[in-house]
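So, here's a batch of structures to check.
Common to both upcoming complexes is chain A, partnered first by chain B, then by chain C.
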Partner chain A sequence: MKSLSADRLQDLAAALSAAGYRVVAPVEADGVVRFAPWSPGAAIRTDAVPVNSLKDVFFPPSEAIGRWRRSGDGFDAIETRPEAPKTAALAARPCDVAALAMLDAVFNWDFRDSFYDARRAATVVAALACSEADEECFCTSVGGRPDAAPGADALLRPADGGRTLIVEPLTDQGRDLAAAASGVLQDGAAAPDAPPEVRRRFDIGRVGAWLAGNFDSPLWKELSLPCLGCAACAYACPACHCFDIQDESGPNGVVRLRNWDACGLGLFTLHASGHNPRPDQASRWRQRVMHKLAYAPERFKVAACTGCGRCGRVCPRGMSLADTAERIAAAAAPAAGPAAGVPA
Partner chain B sequence: MSPTPSLREDAARLLREGRVKLVIGYRAHAGGGQGPAVPEGACRAPLAGGGGRRPAFIEEAHRAGELVFDGACSQNLAAYLKKPEVRARMPLAIVASEAVGRSLVSLAAESQFAQGALLALAFRGERYEGVKEVEELAALAREAAPEPRRDPDIGRRLAELAAWPAQRRAEWWSARFSRCTRCYACRAACPGCYCQRCVTERNVPQWVSTAALGHGNYAWNMIRAFHQAGRCTLCGACASACPQGLPLMLLNTFLAAQAAEQFDVEAGLDPAAKPLIGTWDPEDDNSFFT
Partner chain C sequence: MNGNIYQPVEMRIERAKDEAPEVRTLRLAFAHAPDREAFFRRYRVGMFGLYGVPGEGESTFCVASPPGRDYIECTFRRAGRVTAALLDREVGHPVTFRGPYGNHFPIESWRGKDLLFVAGGIGLPPLRSVIWNILDRRAEFGRVAVVYGARTVADLVYKDELAGWAGRSDVELVTTVDPGGETPDWKGRVGFVPTVLKEMPAAAPGAAALVCGPPIMIRLSLPVLSGLGFRPTAIYSTLENRMKCGVGKCGRCNVGGVYVCKDGPVFTLEEIQRLPQADL
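And then the complex of A and B:
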């Protein structure tokens, strides 16, 4: 069994960096922990869920996907390739890793997205099993668990009461990563810690059944009233993947940008005519919930929510997908009461 | 003594008598409290998530018992006056802490709601003051803060920044703004950001790059701050909504001080005040044109 002392994560990062990986990991800047490029000396924070998710590594908030140079009366295309250096993503949470199934599916559905795919191919993901869960965590309600990351290349599993991290390679890339870091890994037994208990908050089957027949329910209006229509939840979400394409022109040419976008924003579906098929926050919030728990499961056989709980942590009004799903589950079975009687 | 019973009674009475169609206030979150301690730096802004409090939208008198008020009720409810779904339910009443009260006064000065369309269930600290019209709210606000209130810690940080060369300051802000994802939580949480089409969403021509990259992020955050100069009541809703923890109150406090110093403006104290940005006066100081 390979392991390393939990306080040597930085040494692991340094070894991977020396082996030619760009390392991204939860690091703190100005009091906020973000998934961001690691630099020597930076502490890797395993005690906090980063404000952004692993998705940023593959699908950044904004990126150039095309460039044109002015040439006489026309434009010459400049070949634009994704920036996809060999990368090791360290200490991603199982819920973030679970979202890769959704992202892989949508970015390779009817069109293979070369920008996403290039970074995905260049990145090895070493997940960190959770040792704590907070009140917003709900992975177990959407089919996940805090101590397994099937889509990862390796899993770091807390052991010996948090003092040790067992390194479990899961794929060839994970074995390469372990080999590259062999200098900081040790042999010997370690006792895996028990995973945290993540409360099961709703029955996703019951929620799905309600969604199938309640597109016009008045509950959407009530559930969406606190929503102020920003994109904080969508941008923090590991599975949200909507984007907008904008061409920005300057004196010398044009750059085509892919920028994150979100269904909660009023402009998202606003037509040039002025018509908006989702004219109010109720229809926007319904879209967000339906996309995650009805449309994605129908089309891709995976939920577009992995229970990371970030929406509830970042929402200025304290809304969350879990609260909404709980309310829906209660509406689906009023006699049972919220979350009561959900089999564990 | 807990102020909640009289708050609930007033809310129920206003609804029962038909004086308002809606009461916006706070309720306890079913989950309750903050939950387990979150380590410093975890992704939970100090006021985000409502600190165990959630907005409540009460339309029936018998539901007024859901209302609570205490120091954890920190969300600025005045931002809901932007929502068409809420405006459709006027006249309405809002549970108003001092911060919410000042926002309402500022919005009244900018003619954002008709006279009689809004009542406040006003608090000073945690003391309930009763049902108030906007003019009475303004009087309360002036009484509570006869001198402009500025966060001394922010003042110290501003002084530090002011002592730096401009280039270093610009680089410091660039590094902060580089983390902006353009989620617009700041704008959404701000009662004063009520433009139906924000400048960052105008694309004929496009004034501000909407990409979450350097120059667009810098321009967006600066433009938002400038549009709040003399209007911002320093409630802090934008900063606590920002998932990235950007130090937006440094900008807002700086501009509020400039508005006070140069134009003798203090937002949120007078519903009859001429809005600083919306007012042009030929006697304005034009000396900066060179």
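And then the complex of A and C:
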């Protein structure tokens, strides 16, 4: 069994960096823990869920997908390729890793997105099993587990009461990573810690059944009332993948960018004619929930929500997908008595 | 498949024709032969493309011309920044194109069958590619009837082609303008499309109806079509959701379980009725 002392994660990062990997990990800057490029000396924080998700590594907030140089009345296209350095993503949470199934599906059904795929191929993901679940976590309600990351290349499993991390390679890329870090790994037994209990729970089957028949329910309006339409939840979400395409022009050239977008923003479906099929926040919140829990499972056989709880942590109005799902589950079964914590 | 799916190809404007106020048809030639060949290998009528000007962006329209040409045509109205930029371009200027994308009309299944086209205003372009595709292969299909209306005579698009179709014995063309939209020398009908549609003969077995136009025209034409005997599975239309990527990634065109850019833009009325109507 290979393991390392939990306080030596920085040494692991340094070893991988020396082996030619760009390392991304939860690092703290200005009091905020973010998934970001690690640089020597930076502490890797395993005690906090980063505010952003692993998604950012594969699908950055903004990226160039086209470039042109002006020439007379025309323009010459400049080949635009993804930036995809060899990368090790360290200490990603199982919920973030689970969301890669959704991203892999959407970026590869029929048309293959070379930008996403290049980074996916160049990145080895070493997940960190969770030692704690906070009141926003609900991975077990949407098919996940705090202590397993089947989509990862390796799993770091807390052991010996958090003092040790067992390194479990899951793929060839994960074995390569372990080999590259062999200098900081030790042999010997360690006792894996018990996974945390994820207390927040709802019945996803019940939610799905309600969604199938309640598109026109007045509950949508009620659920969406606090929503400001700020899209913070979508940007923090590991599975949200909507984007906009915008051109930026300078005197000599043009760059075409794809930028994160969100179905919760009012302009998302606004037509040039002025017509907007989703004219209010109720219809936008409904789209967000339906897409995650009804349309994506139907189309891609995977929910576009993995229970990471970030939406609940970032929402300035205290909304979350878990809260919506709990209230839907309660509405779906009024006869079953009030579920814990659900207002009638 | 390592290519950049967002990279458009270069086209050159070969011809520009003003159809109606602020409505223009551009005939575009592929700057590079392999792009043309790749396009026509995949293109079937009903598919759409993204037409663009670098620096301004891309806009989605149907391909309004049929297969079997060495160019493509699109017809669009000025609506925003990209269409304004496209209108500014002159013959000889380059523009960009991505496509063809989306599904297509099942025209092979219509061989030997009668076809009724119903269009209003700028709704004719998506059907024009189908009409020409059918006329190119005229002997393979049954009766072809076209009911086309616009608010005013000036708003009718493809006026030369309408005159050509009117002169053919193998096409039944009815053109109409809304009451008050006629000119002194207007020879067509005066009346709304759904009203004029009522006078068309009943659907023959296997006949299909294709409807494109303003939502109100479509809504009022559907009961007329069902009165003529067209079932929801035999009525086709195209959805015009807002699109960005065209390739099923950006999420913008998603409505119900459907991505219009991948599953559409062509749907039967039966399929459209299954979608959440409030989101359309």
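One rule holds for everything that comes next: the second predicted complex is superposed on the first by the 335 of 344 C-alpha atoms of A that agree within 3 Å, B and C clash if a C-alpha of one lies under 4 Å from a C-alpha of the other, contacts with A are read in each partner's own complex, and residues count from 1 in each chain.
As a working rule, contacts are C-beta pairs under 8 Å (C-beta built on N, C-alpha and C of every residue); 3 or more make two chains touch, one makes a residue touch a chain.
Only a predicted model underlies this, so the values are computations on that prediction, with no experimental measurement involved.
**Q** Sharing chain A, do chain B and chain C clash or fit in the superposition?
**A** Here chain B and chain C can both sit on chain A without a clash.
**Q** With both complexes superposed on chain A, which partner does A:Tyr295 reach: first (chain B), second (chain C), both or neither?
**A** second
**Q** Tell me the contact category for A:Gly144 with respect to chain B and chain C: first, second, both or neither.
**A** After superposing on A, A:Gly144 lies clear of both chain B and chain C.
**Q** After the superposition, just quote the angle formed at chain A by chain B and chain C, using C-alpha centres and rounding to the nearest 10°.
**A** 90
**Q** After superposition on the shared chain, which partner residues are touched by A:Cys230: those of chain B (first), chain C (second), both, or neither?
**A** A:Cys230: touches chain B, not chain C.
**Q** Check the residue A:Gln246 against both partner chains and state whether it touches chain B (first), chain C (second), both, or neither.
**A** Touch partners of A:Gln246: chain B and chain C.
**Q** On the A-aligned overlay, A:Val106 touches which partner chain: chain B = first, chain C = second, or both, or neither?
**A** The second partner, chain C, only.
**Q** So, A:Asp280: does it touch chain B (first), chain C (second), both, or neither?
**A** So A:Asp280 only meets chain B here.
**Q** Would you sort A:Phe268 into first (chain B), second (chain C), both or neither based on which partner it touches?
**A** Second partner only.
**Q** Is A:Arg81 in contact with chain B, with chain C, with both, or with neither (first, second, both, neither)?
**A** Touch status of A:Arg81: second partner only.
**Q** Considering the aligned complexes, could you tell me the closest Cα pair distance between chain B and chain C in angstrom?
**A** Closest C-alpha pair between chain B and chain C: 6 Å.
**Q** What part of chain A is shared between its chain B contacts and its chain C contacts?
**A** In chain A, positions 244, 246 sit in both the chain B and chain C interfaces.
**Q** Could you please specify the touching residues of chain A with respect to chain B in the complex?
**A** Counting only chain A, the residues touching chain B are 28-34, 45, 47-52, 61-62, 132, 134-136, 221-222, 225-226, 228-232, 234-236, 244, 246, 248, 257, 259-260, 262, 265, 267, 280-282, 310, 312-318, 323, 338.
**Q** Using the touch definition from the top, list the residues of chain C that touch chain A in their complex.
**A** That would be residues 1-8, 10, 54-58, 79-80, 83, 90, 92-94, 241-242, 244-245, 247-252, 254-257, 259, 262, 276, 278-280 of chain C.
**Q** Provide the residue numbers of chain A that touch chain C in the complex, in ascending order.
**A** Against chain C, the touching part of chain A is residues 65-66, 68, 73-75, 77, 79-81, 106-107, 109-115, 215-216, 241-247, 249, 254, 256, 258, 261, 263, 268-273, 277-278, 283, 287, 291, 294-295, 298-299.
**Q** What part of chain B is in contact with chain A in the complex they form?
**A** Touch list, chain B to chain A: 29-31, 34-36, 38-45, 47-50, 53-55, 57, 75, 79-80, 82-86, 176, 179, 181-185, 187-189, 201, 206, 209-213, 237, 240-241, 243-245, 247.
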